[in-house]
Amino acid sequence: MRKLIGKASKKAGLAPGALVFVGEQRHEEPKISIMDYDADHVDEREETDVDECLAFRDTPTVTWINVSGIHDVSTVEKLGTCYGVHPLVLEDILNTKQRPKLEEFEGYLFIALKMLSLDRESPELIADHISLIVGPNFVISFEETEDDVFEVVRQRIRNGRGRVRAAGSDYLAYALVDAVVDNYFVVLEQLAERIEEVEEELVSNPSTETMQTIYSLKRELIFLRRSVWPLREAIAGLGRIDSPIVSKETQPYLRDVYDHTIQIIDTIESFRDVVSGMHDTYLSSLSNRMNEVMKVLTIIATIFIPLTFLAGIYGMNFRHMPELAWGWAYPGGIWAVMAAVTVGMLLYFRRKQWL
Amino acid sequence: MRKLIGKASKKAGLAPGALVFVGEQRHEEPKISIMDYDADHVDEREETDVDECLAFRDTPTVTWINVSGIHDVSTVEKLGTCYGVHPLVLEDILNTKQRPKLEEFEGYLFIALKMLSLDRESPELIADHISLIVGPNFVISFEETEDDVFEVVRQRIRNGRGRVRAAGSDYLAYALVDAVVDNYFVVLEQLAERIEEVEEELVSNPSTETMQTIYSLKRELIFLRRSVWPLREAIAGLGRIDSPIVSKETQPYLRDVYDHTIQIIDTIESFRDVVSGMHDTYLSSLSNRMNEVMKVLTIIATIFIPLTFLAGIYGMNFRHMPELAWGWAYPGGIWAVMAAVTVGMLLYFRRKQWL
Amino acid sequence: MRKLIGKASKKAGLAPGALVFVGEQRHEEPKISIMDYDADHVDEREETDVDECLAFRDTPTVTWINVSGIHDVSTVEKLGTCYGVHPLVLEDILNTKQRPKLEEFEGYLFIALKMLSLDRESPELIADHISLIVGPNFVISFEETEDDVFEVVRQRIRNGRGRVRAAGSDYLAYALVDAVVDNYFVVLEQLAERIEEVEEELVSNPSTETMQTIYSLKRELIFLRRSVWPLREAIAGLGRIDSPIVSKETQPYLRDVYDHTIQIIDTIESFRDVVSGMHDTYLSSLSNRMNEVMKVLTIIATIFIPLTFLAGIYGMNFRHMPELAWGWAYPGGIWAVMAAVTVGMLLYFRRKQWL
Amino acid sequence: MRKLIGKASKKAGLAPGALVFVGEQRHEEPKISIMDYDADHVDEREETDVDECLAFRDTPTVTWINVSGIHDVSTVEKLGTCYGVHPLVLEDILNTKQRPKLEEFEGYLFIALKMLSLDRESPELIADHISLIVGPNFVISFEETEDDVFEVVRQRIRNGRGRVRAAGSDYLAYALVDAVVDNYFVVLEQLAERIEEVEEELVSNPSTETMQTIYSLKRELIFLRRSVWPLREAIAGLGRIDSPIVSKETQPYLRDVYDHTIQIIDTIESFRDVVSGMHDTYLSSLSNRMNEVMKVLTIIATIFIPLTFLAGIYGMNFRHMPELAWGWAYPGGIWAVMAAVTVGMLLYFRRKQWL
Amino acid sequence: MRKLIGKASKKAGLAPGALVFVGEQRHEEPKISIMDYDADHVDEREETDVDECLAFRDTPTVTWINVSGIHDVSTVEKLGTCYGVHPLVLEDILNTKQRPKLEEFEGYLFIALKMLSLDRESPELIADHISLIVGPNFVISFEETEDDVFEVVRQRIRNGRGRVRAAGSDYLAYALVDAVVDNYFVVLEQLAERIEEVEEELVSNPSTETMQTIYSLKRELIFLRRSVWPLREAIAGLGRIDSPIVSKETQPYLRDVYDHTIQIIDTIESFRDVVSGMHDTYLSSLSNRMNEVMKVLTIIATIFIPLTFLAGIYGMNFRHMPELAWGWAYPGGIWAVMAAVTVGMLLYFRRKQWL
């Protein structure tokens, strides 16, 4: 439940712009990796000292500074002040519960994203809060943990594959957003797999656990939806923005990634419909089973109740019961009557289509 | 489930514009058919060599190049580069999970569509991904498999029937889109037939399979809806577009096909409502049956339980039971009491309207 | 189901504008009635020959040509060509499944409508497809069968009552649309009557047929809704249109009929809500009944089961059962114990509020 | 049901603007009361002759003519013609099923409203159709019956309290609308009271009548909603209108009453949510009860069925049943076995948490 | 229920702008606290006499007047007249049921808010109605009771921390709104906690109380939603407003608090989805339990019913029952038959997967 809330209550009452890390506390040292490149060269290094980053601020080359581990508030703050980032933006970078958004400031854009992955055992989604500061010649990305989703972009820069080396910081920002969005399809496929498993279970052997799983799936879809809807708005905003940072050449790429978010949203909505339908199916399969059980009970009971009554009749101790003395009464008569009753019942049930 | 996802996860991490076929892999050779025509002549041929296509690029006649079999990436790529198509568009052509859309580029329009057909046995929809590149004097169409839905257009061109020969590439594009959209009505009629079958089953003899079929129908309608909604937007966009490619004379035709998509969407929504209602009917017919079964059980049980109790009473072995010795007790008294109890019960049930 | 689909599949593949009648085939001769009038005179006649109609094309008086029986394609076609109607419009006139719409063409407006009536026995709606071509000095109306809904307008023209004689063709078109829309209120009242009948049934004696009727009502409301929603748009468009055909004086009348369609839509939505609620009521009345049946079963069973057990105990044949010999055991003791058990049970049930 | 339909079917076919009273026919004489005032004086009188009203038409003072009893068509018609009201407006004034709306005409505004009150015994809403004609120096109000909701405004004019005497006809119209809207809060409080009663009933003792009441509440909320939604639009339109009749000083007051309608709509939506939830609660409380009943039946039956079987065993008449002769068998052995079976069962049920 | 209605019925009929306190009547003296500050100094005092407040009206410093206890109408009225506040605004300040809103007047802005807190025992939300009057150099805040949510802002002013001392009255207003909005996150966390508790209960031991709690949660979420949706609009309006009171520097802060309200709304919607899902889970867990109970009943009953019948057979007193005399019949034959029947039944049940 708590991951659905957008801001930690512990922040209530603090001055706006007060820098506090909100999220799961970690203890690793934050890692800063820097890539500085243009069409001709790439300069890559890993730093722990923030001050090194400042050197790249005014170079004409594109600089990508990636910070893994935003629980270290001072690193974020130093970097922020150096690059002239608004305190409210720094607050959002540190708040892992911040919803995806795009904001335009004088001289830079701020993009917040969620990087999702699916826990292997339970169908629970894990979110990594990612923030991008996009300036005219730099991109600063912040992530909670070191994830390899940006590695594909790093590879492309190293190899000079694709447009990335020739293009500016806006294309780099696009490439990073695209890497995150692409990863959503992986998550969706994993979810589809689980939904299919549950569907099979539903047909073959529905149990209380099936119900629990459906319920969890519903909740994860609620969470997924909440991560993607605002992302869509943010990316749409990026496409519409009238900023010197976003060049005209990058527009088709932004449209492409926007198209992908629409696909993701469509898929999520379809999944929600499907999972809703599964719940209905579960309920009617329960009703069905109950019906079948009831039918068997009814048939057995209604057949034997009159028979047992007949047996009871001739178990009475009345002194004058002429039938008891009839010679053909027991192995003949009474069994014949009982057989007739049974056959009559069975025919009645068949006519009612209960058999 | 998987067909609901818009992009294959295997593409995650690739550079944007990287050309990979996403879909069911086939092994047939791709087939390229070319039609080059104006009001006076038609030139039709089949090629396997892409280079032949280039000859038609700069002629004033309208050229229609149809590629069946997009699993052959190199064919698509060559054709794309020759006609100056953006790599992102080529990526979308190769991605069979791409949702319908319209995009305008310098010099051409890109339209993505879904061609649907219904599997004969199961109520499952099969989608064929279709892409159109519409330039001022050419249309290139791509399809997964060779389908005869475009054959009607080809016939009209050959015969010179209708406006198609006299009009430009925009009218040809319209004719192709219209052929695809018209086919949706065929699919809708087939679906309507199946829904009617299920409805009859629901009234006459609802079973667990009925429920399964309702559930599948729901899912196919979700899928159908997802294919048509974006199509509507794409066609609406086509009507509004301010491009030299779309002439004013084609506008009423585009409005007409737009009107058809609206009808399809209306029909799908109505089907969804109807299928939803069927599920409710199924549930209440289950409840009804259970009620009926319960009533029979109650009536039989409540009639015989007191009678059996009476028989039990006179089966007791107490030494002093004066009734046992009464002469008229057995064939007279006890049966009279039992008959009275039974009749009383039946009257009570009748008053309660359970009979 | 089929009437929910907007276009017949048999038309798939035909060239756009190909004239084919889509609907229930009839065999009557189409009937053409002509009214030509201005403030001072009325000229009324019935024709079967289309060519007669052409005479009125260029007169300054208002001409109303009404065609009953659109299954005769050639009549529609001749009339269409004579008055310069676009082939796509003729196609829509002949397609009885065409949804309501308004389209503006050079020199005339095209309005498609549904005339609804309720089948007397079943709660099924019957739709008659009506099309209007409105020119500066003529109105051509097409209907499937000869219906008397336009008779009221004809009467007003004959008598010179109301504004109709003094006003132009736009007012005549309005009067025809208004006659159709007014008739919807009649249908709504008939539906309301049926809904009320079902409601009473639901309270007094709900059965499986009640459920079937609720289900049919739902479907008819889906169909009704689909006929009126696009009509609303069409009439709104008529009010907004910037065409020399629609004069400023007719605007308040168009606003009035628009207001009526809004009322119809509101009523349909309310009916849908009410019918939905009826379904819920039906289900809970089923549950209620089952509960009551269960309670009676439980009470009778739980009272007699222990009593029968007691009778069984003293029906055992153990040699040493001292109670059997006690003098006051049978008519006194055992009955007293049984009465105590029964009273105890009844008190327990009363405390549980099951009685 | 019928009150949900916006127009009487008996009007179908009449010429637009034909004046027919639609509603419950009454027989009282219509009452006309006139108030003519400016900042300095008030002139109040009651008339039955319409012609008297005309005297005030051209005076600079504000004149308020209130007509109670619109079933008298001729009064409405005379007044209408005298003040130059469009026939379609008169038609709407006479149609008690007209939905709330605002229309602007040359020289006056037309406002239709619903005055609601709650029937004391049943939870049924009674609507009184109210119409206002607002001119530059006059307001004509029409109501079905004489209601005291306008009395508060009359008092304020008499006393010269508030702004009403100093302001123009627009403020008077606002004051009348505000009186009607304020009364909705009274209705909402009464409804809230009933909902609370049902809620308590639902917890303490849900019965079939509870269900019926929930169902009626749902329907009244549907009706209430339909009366208020268009009212909101009408009042919003009044705030936006660019008419010399509505002065700038009245704007904040119109915003205030608009704000109230929003509150009413919000409340109605919340009520709908709450009443919907009540239905669910009702159903699950039914299920719960059934469960409890089932449990008791199961426990009693499953305990006694084996015991009765045991008693049956020793009631058999086999010649060789050694147990029957054992000395300690009856009062000792068999009871011990039965007690053991019972305790075993009870422990099993406890473990299953059925007790 | 009543707290969902926006206006008290006792106000119906009063002149607009009539000042009446609507809410829970309290008896404490209202408390007025004043803070007057600029970048260099802070002057803080507590007054009970309203006249003291007027001294600050025309100073260039920012003045914050906070009134706790709006049940004292005269205080509010005096302050209002002194600062030129419109009577309708004063009415809204006194109406504790007023929904959140923003209104712009000549020379000041009016903001209405809800301060929420959660009752400790029951899951009921308590609302405190807060109003702000924001002028160019003053803010007047009104609250029902003295709450410490504004204390954090007071502290910041005293310490000169953050921007608040340097900025104008618009930033102060923002800080107050932000304090209220931040507190919503606290409420959401408390709600999340309760939802989690109920979820656990649902899995481990669902009871009627669980259902009641779900129902209450639903209602509180309805209430919460109604408090936040209009707040969002109000804050969005504040960001868009073109007033000299709101400076350009405050815009990013307003965007930030707007972003927070969006997060709150998203969270509420997710909670609603989750709580809805809980209701479904509850119902199916009920069904499940019933199923399990039914199964046990069926199995026990169907096993013993035939056995009891067999025992009944041999309890009959027919004179000629040869089996009774067979030597191996009792301890051997009959038990063997019974065992066979039992095993057969169990195998049947196992095959049906009921065991």
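Letters A, B, C, D and E mark the chains as written, and numbering starts fresh at 1 in each.
FYI, contacts are C-beta pairs under 8 Å (C-beta built on N, C-alpha and C of every residue); 3 or more make two chains touch, one makes a residue touch a chain.
Keep in mind that this is a model prediction, so the values were computed, not measured.
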Size of the rotation, in steps of 5 degrees, that lays the CA trace of chain D over chain E: 70
Distance between chain centroids, defined by C-alpha means - chain B, chain E (Å): 42
Distance between the centres, which are taken as Cα means, of chain D and chain C, whole angstrom: 26
Per-residue overlap in chain C, given as positions that touch at least 2 other chains: 283, 287, 290, 294, 297, 301, 305, 308, 312, 315-317, 321
Topology of the chain contact graph, where touching chains are joined (line, ring, star, complete, other): ring
Direction chain B, origin chain A - full chain order round the ring: A, B, C, D, E
Chain D to chain E touching residues, read off their complex: 152, 156, 161-164, 175, 178-179, 182-183, 185-186, 188-189, 192-193, 195-196, 199, 203, 252-253, 255-256, 259-260, 262-264, 266-267, 270-271, 273-274, 277, 280-281, 283-285, 287-288, 290-291, 294-295, 297-298, 301-302, 305-306, 308-309, 312-313, 315-322, 352-354
Complex contacts: residues of chain E adjacent to chain D: 1-2, 4-9, 11-18, 86, 88, 97, 99, 101, 103, 105, 205, 208, 211-212, 215, 218-219, 222-223, 226, 230, 279, 282-283, 286-287, 289-290, 292-294, 296-297, 300-301, 304-305, 307-308, 311-312, 314-317, 321, 323-325, 327, 329-331, 334
